[in-house]
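Per-chain numbering from 1; labels A, B, C, D, E and F assigned in written order.
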Amino acid sequence: MNISTTERARVLVQALPYIQRYAGKTIVVKYGGNAMLDDELKSAVMSDIVLMSIVGINVVLVHGGGPEINAMLKKTGKESRFVNGLRYTDEETMDIVQMVLCGKVNKDLVQLLEMHGGRAMGLCGLDGGMLRAQKLSGPDDIGLVGEISSVNPQPIGDVIGKGYIPVIATVAGGENGETYNVNADIAAARIAAEMHATKLVLMTDIRGLLRDKNDENSLISVVNASEVPKLRRDGIISGGMIPKMDCCVDAVQRGVNRAHIIDGRIPHSILIEAFTDEGIGTMIY
Amino acid sequence: MNISTTERARVLVQALPYIQRYAGKTIVVKYGGNAMLDDELKSAVMSDIVLMSIVGINVVLVHGGGPEINAMLKKTGKESRFVNGLRYTDEETMDIVQMVLCGKVNKDLVQLLEMHGGRAMGLCGLDGGMLRAQKLSGPDDIGLVGEISSVNPQPIGDVIGKGYIPVIATVAGGENGETYNVNADIAAARIAAEMHATKLVLMTDIRGLLRDKNDENSLISVVNASEVPKLRRDGIISGGMIPKMDCCVDAVQRGVNRAHIIDGRIPHSILIEAFTDEGIGTMIY
Amino acid sequence: MNISTTERARVLVQALPYIQRYAGKTIVVKYGGNAMLDDELKSAVMSDIVLMSIVGINVVLVHGGGPEINAMLKKTGKESRFVNGLRYTDEETMDIVQMVLCGKVNKDLVQLLEMHGGRAMGLCGLDGGMLRAQKLSGPDDIGLVGEISSVNPQPIGDVIGKGYIPVIATVAGGENGETYNVNADIAAARIAAEMHATKLVLMTDIRGLLRDKNDENSLISVVNASEVPKLRRDGIISGGMIPKMDCCVDAVQRGVNRAHIIDGRIPHSILIEAFTDEGIGTMIY
Amino acid sequence: MNISTTERARVLVQALPYIQRYAGKTIVVKYGGNAMLDDELKSAVMSDIVLMSIVGINVVLVHGGGPEINAMLKKTGKESRFVNGLRYTDEETMDIVQMVLCGKVNKDLVQLLEMHGGRAMGLCGLDGGMLRAQKLSGPDDIGLVGEISSVNPQPIGDVIGKGYIPVIATVAGGENGETYNVNADIAAARIAAEMHATKLVLMTDIRGLLRDKNDENSLISVVNASEVPKLRRDGIISGGMIPKMDCCVDAVQRGVNRAHIIDGRIPHSILIEAFTDEGIGTMIY
Amino acid sequence: MNISTTERARVLVQALPYIQRYAGKTIVVKYGGNAMLDDELKSAVMSDIVLMSIVGINVVLVHGGGPEINAMLKKTGKESRFVNGLRYTDEETMDIVQMVLCGKVNKDLVQLLEMHGGRAMGLCGLDGGMLRAQKLSGPDDIGLVGEISSVNPQPIGDVIGKGYIPVIATVAGGENGETYNVNADIAAARIAAEMHATKLVLMTDIRGLLRDKNDENSLISVVNASEVPKLRRDGIISGGMIPKMDCCVDAVQRGVNRAHIIDGRIPHSILIEAFTDEGIGTMIY
Amino acid sequence: MNISTTERARVLVQALPYIQRYAGKTIVVKYGGNAMLDDELKSAVMSDIVLMSIVGINVVLVHGGGPEINAMLKKTGKESRFVNGLRYTDEETMDIVQMVLCGKVNKDLVQLLEMHGGRAMGLCGLDGGMLRAQKLSGPDDIGLVGEISSVNPQPIGDVIGKGYIPVIATVAGGENGETYNVNADIAAARIAAEMHATKLVLMTDIRGLLRDKNDENSLISVVNASEVPKLRRDGIISGGMIPKMDCCVDAVQRGVNRAHIIDGRIPHSILIEAFTDEGIGTMIY
């Protein structure tokens, strides 16, 4: 599409009220799924993050890395033990999780942001004692899978204060020097709460919450946190959407203004969400 | 024109390198001509200024106000005396110039910027002793028309430092408490130099420097300051373009990176100049 | 009167406790009346303001400008329509009010303060969105005469913070971009309250509150705000003194320590009020 | 050894002049070898670093990780291709190097420092664009082994400025988004120079420079950088000592006051070097 | 005793948790008794204070000076009048007290600290209006002996803020320009409270609180403030220990975490108290 | 003399240009002679100093104390040994000098300044290592009389920076922990130089430099430093005036703008010198 320079200028000016609304505010983005695997989408996400950062928004980028972990586990020939369908994370597995998340995925994102003109610093939950975890309680012992016991937002604030985009791998430290893998969606929600973020954005591979899961046109754009239990009873929130929704509700209840489930498969979905009237995906408030 | 949200996001992202280039830098805009009379163009200029301010550019808005002064002189029935074709500015006329520029045009612009979401403060050359002038020397005495003797950039820097867009009326103070009207283009150039601006933008009612003044397609996009004497000898720089060009060359020689003569009749011309590859008008470097 | 250098030094030292009392505090002076028209008195006021500023007092100078407005209206041949004895302020009149107050009176004061060695910046209620107004409610529509709906003290504080004396013309902005003329006494009282001023000083052309309005020796030096209703019932506060007193009471009730009605016809009346034991005029606390 | 509390206090007091000498100064420690493999030595190093940090020394910890890389390469069954005896680092190998250094070794050190009461942040050369590298030039192409083209000390300074001990993995970014493994000794020397460090400390598995490599008692305690060429011609500097010495000389020539080659096998060797008269190892100045 | 460098390093590392605990905290030390008379002990105290200051502890040194005062009184041949066994402090005596405490003892300590590498500033209660006193009430008039009416901690904080160790002589100012001698233990306790000190340390010439005053091995290491009345009834706190204990209890009740009575005759007793597990003397909490 | 409030205000306003000239500048006053002995004069000096401090001048008060020292020496029955007419300062004498200057005169001045509404801090040359001295060289050994070897202006600047008036007793520290009495005039001159003072004021008991020493009307108001040798040859500068003049010339040559010898017997002489046109005494520039 060929857009004239005047049209371009108009588009910029139309973004102005959104920029003003969020300048100086914190937005936590959980980055994952297809948008992290497809190179073009990845580049679009990086541009979006850098743009938001340049116009004065404090973006915190929290990422997962499941596929890369699986690839590495396979490469090392590590055979996984499963407990009731869940993979048991022994120390050796945890080492690989940490290496891949903190050493590869995290630093690659840092490098990409820098190449897009941003200034980024890659942290994990161990840096500055940011994320503390304990063994996930549950019926089965699945090893070094943790649940967050506390979040120390200071290292994130310090890094932002020096003008960097913090990129965060969700590996957390335990009481006795062990490390835990913690769920990145939950970590993002907790970090958003501790950073008094105005917005939590979860990037997914779906359009958002659909009234009819087979009909992409049945998108529910706005959900009040109080409606969630009913939507769940009605089966509209189901399957993989349940933990995503729980994260969003948790963040909102801890003081985050708005949580969003957006479709990472759409190029520039973060920017569309933040900087246009139409928005995108499902918003929980 | 109907632009999709993805296209909008792409346009924003494409502005990123320009925003990065100018963030924290100072751009002095001399605002005048049609862009100041037509309400729609005016609103576009205000949006442009506020947007540039929001993304971290220190914009200094210097304005003229000839038509408003003439209207007011007419209204008061003040008859002008002319000296060799130049209007003689007696004390009574100067009072009206000051009133209109500092009290009406200046404060109206401040209000408009505030309504577009900016934070603005309206100053003139008297505030903080910013502009000092002496009687313009020349063959004929044309009264209280001044030439700038010194520019004190501190009040401008102070106002920027507190987060406001300085809007400047070019009335200057003399040695003995008299006030002078000084040329706004020249004042803008001098202020740009003292503020170590990266860019001076003069808004005019022409396309820029034309090789053939009757052919708008003969625009000369880029001029090296050293080429100006020849262009003048060749008659390409002539008439009203001479003082404009002199201002630009003066600014560039005093250390401003680039000076631009742009067409204020094109909506968002400032933004197009600053934030697109194509640019607009004529650039002197 | 010939005063020896030792006597001079003694006078300076006697001012010490007053300087200490007010250093770092804010004093809002409403400047108007004869003290604004007589050149010698004007010069004395400017000296007083600069001296107070130099010894560490944050002076805010709020001014009116009735006579200058009338002169300009007359000059433009603008015929005023009167509604029940009050002049109707149409848009054209408002333009002239704004020009004269913000462009002439305000900037002339700035220049005078600068010439007396002060550093001053001239603002009006539009700058930084300082004064917001709405149409004055009342039985008759008298046009663009406003009543203050809110005061944003930040631009004043910002200007003080950078070391300037703020000089304020009381033109305020409305909801829809219109401008209003607001009463300068009331504006000064409201600004004093928002700036947490220690003192509000209204300069007038009378000695202060007189028990017998024909006897200048019947001055009431001190009035408790709670006594005002009775003084009004008794007819001691009457005529033009009523709104002055109301301003003072309003300021005191909003937290200003003391409000003063002083006689601007006495040279250096501000300094006498602030820096001597005898004081001057009527104090409301 | 049973030391009385008075003796303990005396030891502390004796460290005072050393603490005073280095307070506020920067010391870059290259950590590697046995001191990184033996848990007890490791714990002693961590204590030393935290102590130095607490008493006001800016310690920068640069680390290698050869053994861990080899273990991981073996685990993944990656077969290495050798070029003239040097391992060729293909992209897959480089990925593993990055994972192990930045994700495992680096973050484990961060966690250990935090557990010893320090505040640490783990960075690599990609963070904030700290280390830029280009392909190591040489007769043979050995893949993604880089030589440092530039060091940006700002991210290190920023992290120190916020009170953290920077822990640095020496993975560097290339022009086109590729990453390089760079030599940790050299990186430490270059970082020491850019940080205007007062001291560079290389931890090794030998006593220092020995006049007779078979006699640990033949330690040369002090070497002037200018003596190095002769010592090399005489064969006293030979084998693995050559590149270590080159690093030290390079650092000293770039302005670092003193460089030290110390024996990491001795517990608390860093502290002994820094805080006692006897010193330890070989000092190059 | 010959301690190896490794042992020395270990001792330093063992002090680490104590340093971390007190860094940035304030410790008020009342210095007096033998530790002030014996040159070697004095030097040890100076080292201790400087060391604590260097590692980031804000030490406030409050001192007495009885023996020096007595010597000077004797030298001037001033005969003392006694009232019920207490020396009457007339104006002449007070002058000598002030001279000796503020001019001699205080400044000598400052010089000693400076010679040990510290930065010190000598103040008394008159400086910055730090200590205000009134005549000690009691059955007998004993002249210019004062009791503290208020403590202004700002001069102490200001001096610390500029990096100096404040050394304080306990001479206080009265309402009418007279000066009072106030008890140094009490002054130290009050200063500790106002400075929100974490610790008050009183140096004495005894081991601490002894269960049996003839048996140095009967030291009571820890006393809860609430136990004091009983210990006093039981005669365990008696004689000169009563006012010392009262000071400690007073400090603790005003918010100081811990108060200590330590034996100044033991070299480095302050450091032993602060930086070792064993501690020394009696702690009141 | 009865001065009207308007006259008082006028006097204040006339001081304005002087206040503006010196605001933020440093003035070093050497205080001594009659002005230090007469209570009324003393009170006037204190008022002057506090006033200058309040209006933003950084006053440094350097004092002597000869008469008080003599009185104390006499009181202690200390017999002085004289060497060629100069009193030999043995250690015991030096102790008394230090006590009287630092403990009595200094702190009494601090208290007086505080009572006049100032904030003062009493220092001597030992505090913060301010004055370093060595034994005065000369034909005869006169004991612990020192000459200044270096001045460290930082403690003075630190105390000013926190808003206090530094009051300085001129006792200096030697290499080996001994203390020296140094000449207060010379110390004031050196401090003025190191503090980049704009003015040095020496208070004396004479009118200034007199052309005819028996005629107070023969005052020489202004002396250029270069004229001093001739004035000395001519015998106009003679006796006690020689060292005073030398101090002034030394200060001026080290960069102090102006040095003044003023008559401390005239009340408020400092203020007259600083804040009036007439000035007082003799100025050396």
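Methods note: a residue touches a chain if its C-beta (ideal position, glycine included) is under 8 Å from a C-beta of that chain, and two chains touch if they have at least 3 such contacts.
From a predicted model like this one, the values you see are computed outputs, not experimental measurements.
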item	value
Least step count from chain B to chain D, where 1 means the two chains touch	2
Other chains in touch with both chain B and chain F	C
Farthest-lying chain, centroid of Cα atoms versus that of chain C	D
Mean-CA-position distance for chain E and chain B (Å)	69
Intercentroid distance (Cα basis), chain C paired with chain B, Å	35
For chain C paired with chain E, centre-to-centre distance based on mean C-alpha positions, whole Å	56
For chain A, residues that touch 2 or more chains besides their own	none
Category of the chain touch graph - line, ring, star, complete, other	ring
Traversal of the chain ring from chain B via chain C	B, C, F, E, D, A
Chain A-facing residues of chain D, complex	72, 75-77, 95, 98-104, 106-107, 110-112, 114-115, 119-124, 126-129, 155, 158-159, 161-164, 171, 173, 177, 179
Touching residues (chain side chain A, partner chain B) in the complex	1, 3-17, 19-20, 23, 44, 47-48, 50-51, 54-56, 116-117, 266-268, 271-272, 275-276, 278, 280
